[in-house]
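Step one of this worksheet: look at the structure below.
When the chains are written out, they are named A, B, C and D in that same order, and each has its own residue count from 1.
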Amino acid sequence: MLDGAEAASELSVFGATVRESSAEGDCRRLTLAVQQEVAVVPGQFLGVRVSNAESSDPLLMRPLSVADWLGEDRLLQLIVKPVGRGTRYLCRLQPGATIDCLGPLGNGFPLHKLQKGKAAWIVGGGIGMAPLLYLARVLAEKDMPPVTFLGAAGERQFFALEEFSSYSTSLHLATDDGSAGFKGVVTQLVRQHLELAGRPGVMYCCGPDGMLLQLAEISQGQKWTAYGSLEEYMACGVGACLGCAVPAASGGGYLQVCSDGPVFNLREVLLHD
Amino acid sequence: MLDGAEAASELSVFGATVRESSAEGDCRRLTLAVQQEVAVVPGQFLGVRVSNAESSDPLLMRPLSVADWLGEDRLLQLIVKPVGRGTRYLCRLQPGATIDCLGPLGNGFPLHKLQKGKAAWIVGGGIGMAPLLYLARVLAEKDMPPVTFLGAAGERQFFALEEFSSYSTSLHLATDDGSAGFKGVVTQLVRQHLELAGRPGVMYCCGPDGMLLQLAEISQGQKWTAYGSLEEYMACGVGACLGCAVPAASGGGYLQVCSDGPVFNLREVLLHD
Amino acid sequence: MTDLDVSLGPLQLKNPLVAVSGTFGYGYDYGELLPPDTFGAIVLKGTAPEPWPGNPPPRVVETPSGMLNSIGLQNPGVDELCDEYLPRLAGEDVVVIVNVVGRTVKDYCHVARRVSECGGADAIELNISCPNVKAGGMSFGTDPQQAADLTASVREVSDLPLIVKLTPNVTDIAEIAAAVQSSGADIISLINTLLGMEIDVEQASPRLGAVFGGLSGPAIRPVALRCVWEVYRAVSVPLLGMGGASTARDVLAFMMAGASAVGMGTALFAQPDGVQETLQQLRKFRQSCGEFDWPVGRAHEKGD
Amino acid sequence: MTDLDVSLGPLQLKNPLVAVSGTFGYGYDYGELLPPDTFGAIVLKGTAPEPWPGNPPPRVVETPSGMLNSIGLQNPGVDELCDEYLPRLAGEDVVVIVNVVGRTVKDYCHVARRVSECGGADAIELNISCPNVKAGGMSFGTDPQQAADLTASVREVSDLPLIVKLTPNVTDIAEIAAAVQSSGADIISLINTLLGMEIDVEQASPRLGAVFGGLSGPAIRPVALRCVWEVYRAVSVPLLGMGGASTARDVLAFMMAGASAVGMGTALFAQPDGVQETLQQLRKFRQSCGEFDWPVGRAHEKGD
């Protein structure tokens, strides 16, 4: 669907060993050591098995974004928010534990439009900040450090702020309860800055559907291109089952989040609040 | 069904923490620390949960005999043979892990007939040795040390031989492959000794159905009383579901292994090979 | 009256949890851990006119998130029920329901009449759906006409509230539900087990002595919820929903699908200590809603 | 010929594993991890005369040891199948089966005829059992007469080996099996998913956009084995068994119940790397038996 994402490695199932598990606000950051090269680009995700091989419950792999990939050390990072039994299982894992991962999955954030020298903004809400962390680092390394906007319910829901800050030209925070940064939703903050911005740029977004919906509107008004990473329930993660459908903006059909996305130009999809 | 087993505590579900896990031949001996008093008598068993609370597979508790109960230290011992996913799960547990247990379950070995001064023999086959270990210790402490016969496929399938030996007046081993003790089945050994024995005594047995069947025949011929601990698939473990049926020797009906047993006078049940 | 009470048609339960037939014996097997008055109601093991021995072992086998049973309705017969088990439950603060089985209409009527006369039962549940009896039993539950006729016959011999328990092993469960309602069922309970089997590959043979058994437990919950949903739309009598429920969330899901009270069976085996926790959570739920009514059928408002 | 080859009626498979319809796309979604020639056969996604958009999301939800799907047979239509997907598979060492769906007999016949003409398919599988289509679809699979008529009609327009896929959501699956055999089915595949639903308690609404979905995965294996067992006794055509199979042991269990080949669907999602392991174990099994034949129907010898 989107071109411009860099080439990723062949799909495989690989074992990963928990090197470190540390608290990041309400979430946990898992640092996983893997044996082989996993050429994964920002915005791609993994299917992570959340039961041992002799149990069939929970049955399905959980989609989790790569929050960083340190290729030289073969270390993968995930940031996991414990919302259900699968994510709680992962948050309980101790160093030394092993998990199976399927990946890399999905398309990743397209970076080709940036070469034309456009501004790159990053907008993350809640756990949606996870894939953007890797993106921010890559942008910084490509000498295109982003302007970053992050929103959360409260201060405790942020993570990796120092890293985000070091990768970005500027970092803007919004919280619902005002415990950090602007009191209000992050989209309000983005809207304010957008009105002051000069020529159109590219926005990379990840967060709740409601946030993406608003960003789609805001960006369109200002002729920005907005890419958003979407979430949907998944079974296969590879495009085989057609389980993870999102309505296409035109044609009346559906696109698959796992294989056509998870990153879409927000004009291509129909979001709902 | 059988009277004479000492009073056990009320049924409860209690948490247990793995204190130690050590190899015993092909099996593992788990030493579990529990919070409360678990007044369990030899021959009783526990239902042990083999998945975490957020998984429903494996679903049912696994029946496991108490291999020892050190009341003063509140330590329970299990000896587990890894034959399937539930027992493998238990054998993998590391010190510090916690498991839920339901118990005490079942009736236990009746000791009242012994007060009349009869000889007490113990006959164990394979993993059936587990409950007999606790029984042997209790008999020794009551000053009625047993004559003990243990059978296994080979040397490696025995466990706790030193303990058995210290509790027993004599210990006789049989292996299928002759790697330890008598080469042959343990029932042959019992038969030989029985012919030399004086007046009738009581035999406490646990092992495969085929072994129990033979012991029932042998003991009846010599007018010994033989109690055997039986195995059957279980669901509830408390007599509520009627799942663990064994045909009664008379009347055409069934007895429940979990609540009428697991220890039966072998004349009461119909065994098959 | 408690903070959790529910109405199940003519029955008043002090909480919506029901220990289902065949999984809770005659009420006392779990001792102090689960005394009968833990529940709003308990359903006793299926009872026939005469003692039945049941099926040969093995009778239970675990399956993924479930279990198969082929108990075959082992029971001591209605006389022992009336003489031994019902009197023992007399003082308990729990609704007592007798599950009735038989091979003929006459069998069912005999048990129902006897139970009505001997007293001690608050309702009768007709098990027209047990997959473990070869003669009779099953076909009552799969044919609307037979189900209706049986219901009508029992209706005549007993004044006790009449529950009819449906099998999911049919093409159209709503049709059977409508049939038994029109013949006088006061309450419909569902679902009984799904017909299944397991094979022991090492032995190359069925695992259960009786070959087939009934599948229960969390594995069947999606099927059970669908059946409750369909039957809720087809009848007006209240429903006792069951099939794989184990948590408070499951209980509420059954209610939202249309059940007024919710049974638990296999979950008692897997987590006998979970019942108190479930009641606790239900209490929290009611407090948090600030509503008086249980959310019976609530999900239908959005599911059209 | 390989060490694992099986005959499935007129079809020769190099191993007994079949990737089932709707779970393996058009063969290439798993890349190098699971190329199409891993399997003895692959069944493509259900195909209609015209493109179908499918159902609104959410379309999948996990359940205990299983999952519900309400994809609703999203597919690009038979023309794109013939132009794009079948040609791509032309060189592969795998039996290719096209799964056919429709709302009318005419629909099914159209797709079957078109697929026979365009080439590239080794067999046709009639999906008369998908619970996710409201009009038509389902009723073909629940009524013996309609199932037989549809089979006979398709038989006339195509010379390809004809597989009919049965639903377990019926009172008597053996009756439907006998009906489609007598109308010319060469092979019977079973089971399709069990009809189920889940409820989101927080939202008080069904979890699936389409309310109902099909239950698949290990949870349903006992039901699937029972259906295979029953149908094996009722017909003489070979069976393609499926429903929750994931390990080599499961595959052998389906064979012992009566299946000549065994499908895997949901297991591919849960453990895509398990297929190679399963093949390895099956190889070991055959070596250890020292027998030439697969143990098809073997458990019936002891199950009487």
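By definition in this document, a contact is a pair of C-beta atoms (placed from the backbone, for glycine too) under 8 Å apart; a residue touches a chain by one contact, two chains touch by 3 or more.
From a predicted model like this one, the values you see are computed outputs, not experimental measurements.
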item	value
Chain pair showing more contacts of the two, A-C and B-C	B-C
Centroid distance [mean C-alpha coordinates] between chain C and chain A, Å	47
Computed distance of Cα centres, chain B from chain A, in Å	55
For chain B paired with chain C, centre-to-centre distance based on mean C-alpha positions, whole Å	35
For chain C paired with chain D, centre-to-centre distance based on mean C-alpha positions, whole Å	33
Chain B: positions in contact with at least two other chains	56-58
Residue numbers of chain D (touch at least two other chains)	64-66, 217-219
Contact graph of the chains (line, ring, star, complete, other)	complete
Touch list for chain A against partner chain D, complex	10-13, 49, 53, 56-61, 100, 102, 232-247, 252-254, 259
Partner chain D, residues of chain B touching it in the complex	56-57
Residue ranges of chain C touching chain A (in the complex, touch as defined)	64-65, 218
Chain B-touching residues of chain A, taken from the complex the two chains share	51-52, 54-58, 85, 88-89
Chain D residues touching chain C - in the complex, by the definition given at the top	63-66, 68, 142, 169-171, 194-199, 201, 203-206, 211-213, 215, 217-223, 225-226, 229, 244, 249, 252-253, 256-257, 295, 298-299, 301-303
